[in-house]
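Shared between the two complexes below is chain A, which pairs with chain B and chain C, respectively.
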Partner chain A sequence: MVSSEKPLLSVQGLTVTFDGFTAVSELSFDLFEGQTLAIVGESGSGKSVTALSIMRLVTLGTRAKIAEGELNFRMPDGSIIDLVKADEAQMRDIRGNQISMIFQEPLTSLNPVYTTGNQVIEAIRLHQDLDKEQAHQRALEVFQRVRIPEPEERLKEYPHQMSGGMRQRVMIAMALSCDPTVLIADEPTTALDVTIQAQILGLMRTLQNETGAAVIMITHDMGVVAEVADDIVVMRNSKLVETGTVYEVFEDPKEPYTKALLASIPRLGSMTGKSRPELFDLVEMEPGA
Partner chain B sequence: MSDFETLVEVVDLSKQFPVPGKAKVHAVEHVSLKIGRGETLAVVGESGCGKSTLAFLIIKLLESTSGQILLDGHDITDANTRAMRQHRQKMQIIFQDPFASLDPRRSVGYAVGEPLIVHGEESKGSALDERVGALFERVGLEREHMLQYPHQFSGGQRQRVCIARALALRPDLVIADESVSALDVSVQAQVINLMMELQQEMGLSYLFISHDLAVVERMAHRVAVMYLGQIVELGPRSAIFENPTHSYTKRLLDAVPIADPRQRRERPLLTGEIPSPRWEHGTSPELVNLIEVEPGHFVAEE
Partner chain C sequence: MGDPTVFGIEQKSESFEPSAVDESRLRKPPPKYPGLRMFRRNKAAVFGAILLIVILFITFVLPLFFDGERTERVGGIHLAPGAEGSTMFGTDYLGRDVGRIVMEGGSATLKVAGLAALVIVGLGTTIGALAGYYGGWVDNVLMRITEFFQVLPGLLFAIVIVALYGASTKTIVLAIGLIAWPTIARLVRAEFLRQKNLEYVKAARAIGANDARIIFKTIMPNTLPVVIVQSTLVMGSAILFEAGLAFLGLSNPKDLSWGFYIGANRNYFLSNWWGVTFPGLMIFFTVLSLSLIGDGLQDAVNPKLRGR
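Here is the complex of A and B:
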């Protein structure tokens, strides 16, 4: 990334605690326009808590606290807002409009008793001053944009009538419906079959080119990271372990943990020419906290 | 296959589930395959392709609609619960979610020892504790862990407990149904290594059900690719991964993201979904015709 460019989101010393337990510790990184930043790590490393902190969802109805740090977000008018200090009304305006999020399991993110159209239209009308007819038109547009076939028909369907991949398209449509500048995707393809995952990754890449949004991709899958990321933040035990471009991290990892993580990935094609199964050549990982 | 003596043979096995509206879901459709002693046969495919149903049919957690299952030469297709008892010792299964597979109110030592008691090999006492302790050590746990409860363990440790339990009766075949899918990648690699070491030591056969092709490439001797209840390609690992021939196998392999940023792939934008395996009464899917394109490598005609 060009360092002279101003970041869209600058995370500085973010520390999140749950009743004394530190889930994220002194985390800092910058996100730029059009960039895809992958936050990778294993269960419990703090990657999802980081995402929820940026949305300021982490403190809603939980005992979590953003104990320290700044989340400086650049608004479209150029002003900088610290999301840690923003009031709830400001956050409501930012969520969806400026920063939106998609989750791993689209079925739990969608309400089973309303049609998908109903839910997308609701999201649009919450954030934009549109009447019902205009919102419907807008919903149709975003369904088309995420390449949902027969969008008019699909708007009338309930979540259970759709496949997992189609539901994730609906979630992406909803997330993009207000043209956010940052899209946070928390394990968006983890629950999907591999051929559907390929479609969704391709779609996300195309949409990013079309909209210029910055994407924070939270994932544990190093294959997905290699495919989509410009830059990587590796997390472990609530801390940043290593950060760099996708090439730096994959080709010249500096930290022992990153090396161990990369050594344990099953890589398609790594067994070419070998006649028998082979053990993983594991790098000893120092025990976690 | 020629390297291995046959342990399990499945002939023309089918399973149909009745669904509302006089229709049936053809989950497994005329599948035939063999699993050799000491061999890992991986079955790969996407959600709903019938791979788990196939595993359940072989271990008889589900009754097949038609076809035959031979274990070590014995026809167990119609064996009743009682007759299955002796065969069950030879076949064990490990599931995806180790937490759901363990009783939260019982110590993990009990979980591992229970099959030995049920099958009358041991009764409670120091001999049982000794065998269970040895199993714990063998799967990389400590004897002291025996008295603890499932919630006190991490996911990888719980899966080790499930492996210890599966091995308690010294089975010939272990069915692993997405057994490493829920584990973090570093833990997954350790558990896969453990499974391969145990195979070499004990001469185990694995029926390894997985959607993860990179894991399968690592540990399988042979691979069967399933699509809509049928095997569309079957062959030695090298044939499937280095010379994939059926269009579905190719599509599946192309979809796998490669952990190398210099090998990014073009991705399709359009949706393509797997058709439904639901068939109205009186209708049925067209059966594929497997052709042997090279020794041991079978591909469905297209």
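Here is the complex of A and C:
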């Protein structure tokens, strides 16, 4: 990335604690316009907490606290807001409008009692001064943009009438409905099967090219990282392990943990010439090593 | 030109022609009103619904076909049903027609019970929602208040209120409302506790919805099934409470409601059984119909029981 460019979102020394337990510790990274940043790490490494902290959703209804750090976000008008210090009204205005989020479970992240169209229209009208008819038109547009077939009919359907992949498309449509500058995707493909995963990842990349939004992709799947990301942040035990462009990190991982993470994916063809599948060595890592 | 081959397999060109659409294999539209279907399948609930319709008809429509005041004297006192000079349901200690008084007495009972149910559901859902959603000290304070009302001896509390503030419809409704809301509040609180951490609530926050919106537009509709079921049951108990208060004389005597009429006739009931039996049966059937309906609604709104 061009270092002279001003970052869209600059995370500086972010520390999040739950009742004294540190979930994220002194994490720093920058996100630029149009960039896809992957945060990878095992379960409990603090990657989801990082995402929720950027949305400031982590402190709601939990005992979590953003103990330290700055989340400097550049608004479209050029002013810089520290999301840690912003008040709740400001945050509500930013959520969905500037920074959107896609969740892991498309099956449960839509409200079962409303039609999908209704939910997208509500999201649009929260941030944009549109009447019902205009909002409906806009919802139809975003449904078309996320390549939902028969969008007009789909708008009238309830979530339970849709497949998982289709629901994730609706979620993406909802997230994109107000043209956010940052899209946070928290394991968007984990709950989907492999072919749908590829579809959704392809779709997200296309949409990113179309809208120019920056994407933070949270995942534990190195295959997904290689597929979509420009840059990568490797996390473990709440700390940043390694960061760099995907090429640098995949080509020449510096840290032993990154090497282990990369080695954990079986290679296609690694069993060629063998009469039957063989066990391969598990990587043993001491905690904190 | 022969048929094309793919991977050495000859592709018959006629096989590409679309065959006639087999209608039976097309996706059928989902059945409409699955809830209504489930409700109809519950025979007891259908019976309850019919019973309630009959009771509402007797109470609100039938009186329109009669002239004069129901409190007018129609014959001798304590005449048994069907006796000479008597009416179909007999006469009471003042020579009034028991049938007509009971017929119209339901309107007061049902009005009070309906309004009380509204108070109960309104108060219960609001307090339950706030407690469940905000948790912490809000939950603590609201739940202690709920428990306070729950441990109060209900009828006694209502009697005290009505005795203090007079037996108007307003005070009776409020008295019944105040003693019965905790059940709904606890139920709604439990639903909110369960639902507030679900992904779709998180998603609603992530698009920038505020607390009021999340409580009333996002979560509340999802709790409606339990609330609707519970409110039919609550209505049944509100009728019993109203009847109990009226029996003790704590109601507007001009209404001549079922409970009040039983109370008025109780001195004579060893010789005049019809004076207490008919209003009693009306109360019994009304409460029965409501709880049967509640039971059927439980089936109708619970998707897990569908297709059983």
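Convention: the second predicted complex is superposed on the first by the 276 of 289 C-alpha atoms of A that agree within 3 Å, B and C clash if a C-alpha of one lies under 4 Å from a C-alpha of the other, contacts with A are read in each partner's own complex, and residues count from 1 in each chain.
Definition applied: a contact is a pair of C-beta atoms (placed from the backbone, for glycine too) under 8 Å apart; a residue touches a chain by one contact, two chains touch by 3 or more.
Please read these numbers as outputs of a predicted model, since none were measured by experiment.
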item	value
Clash or fit (per the criteria above) of chain B with chain C on chain A	fit
More chain A residues in contact [chain B versus chain C]	B
Chain B versus chain C as contact partner of A:126, first or second or both or neither	second
Chain B versus chain C as contact partner of A:95, first or second or both or neither	second
Touching partner for A:275 - first (chain B), second (chain C), both, neither	first
Once both complexes are placed on the shared chain, angle at chain A toward chain B and chain C, C-alpha, multiple of 10 degrees	80
First (chain B), second (chain C), both or neither touched by A:264	first
Which superposed partner A:227 touches (first chain B, second chain C, both, neither)	first
Nearest Cα pair across chain B and chain C, whole Å	6
Contact residues common to both interfaces of chain A (with chain B and with chain C)	none
Chain B partner contacts - residues on chain A that touch it in the complex	42-43, 147-149, 163-166, 169, 193-199, 201-203, 205-206, 220-227, 229, 246-247, 250, 260-280, 282, 285
Chain A-touching residues of chain B, taken from the complex the two chains share	40, 46-47, 155, 184-190, 192-193, 196-197, 211-215, 217-221, 237-238, 241-242, 251-273
In the complex, chain C residues that touch chain A	30, 135, 196-200, 202-210, 217-218, 221-222, 224
Chain C contact footprint on chain A (complex, rising order)	55, 57, 60-61, 91-97, 100-101, 103-105, 108-114, 122-123, 126-127, 161, 171, 174-175
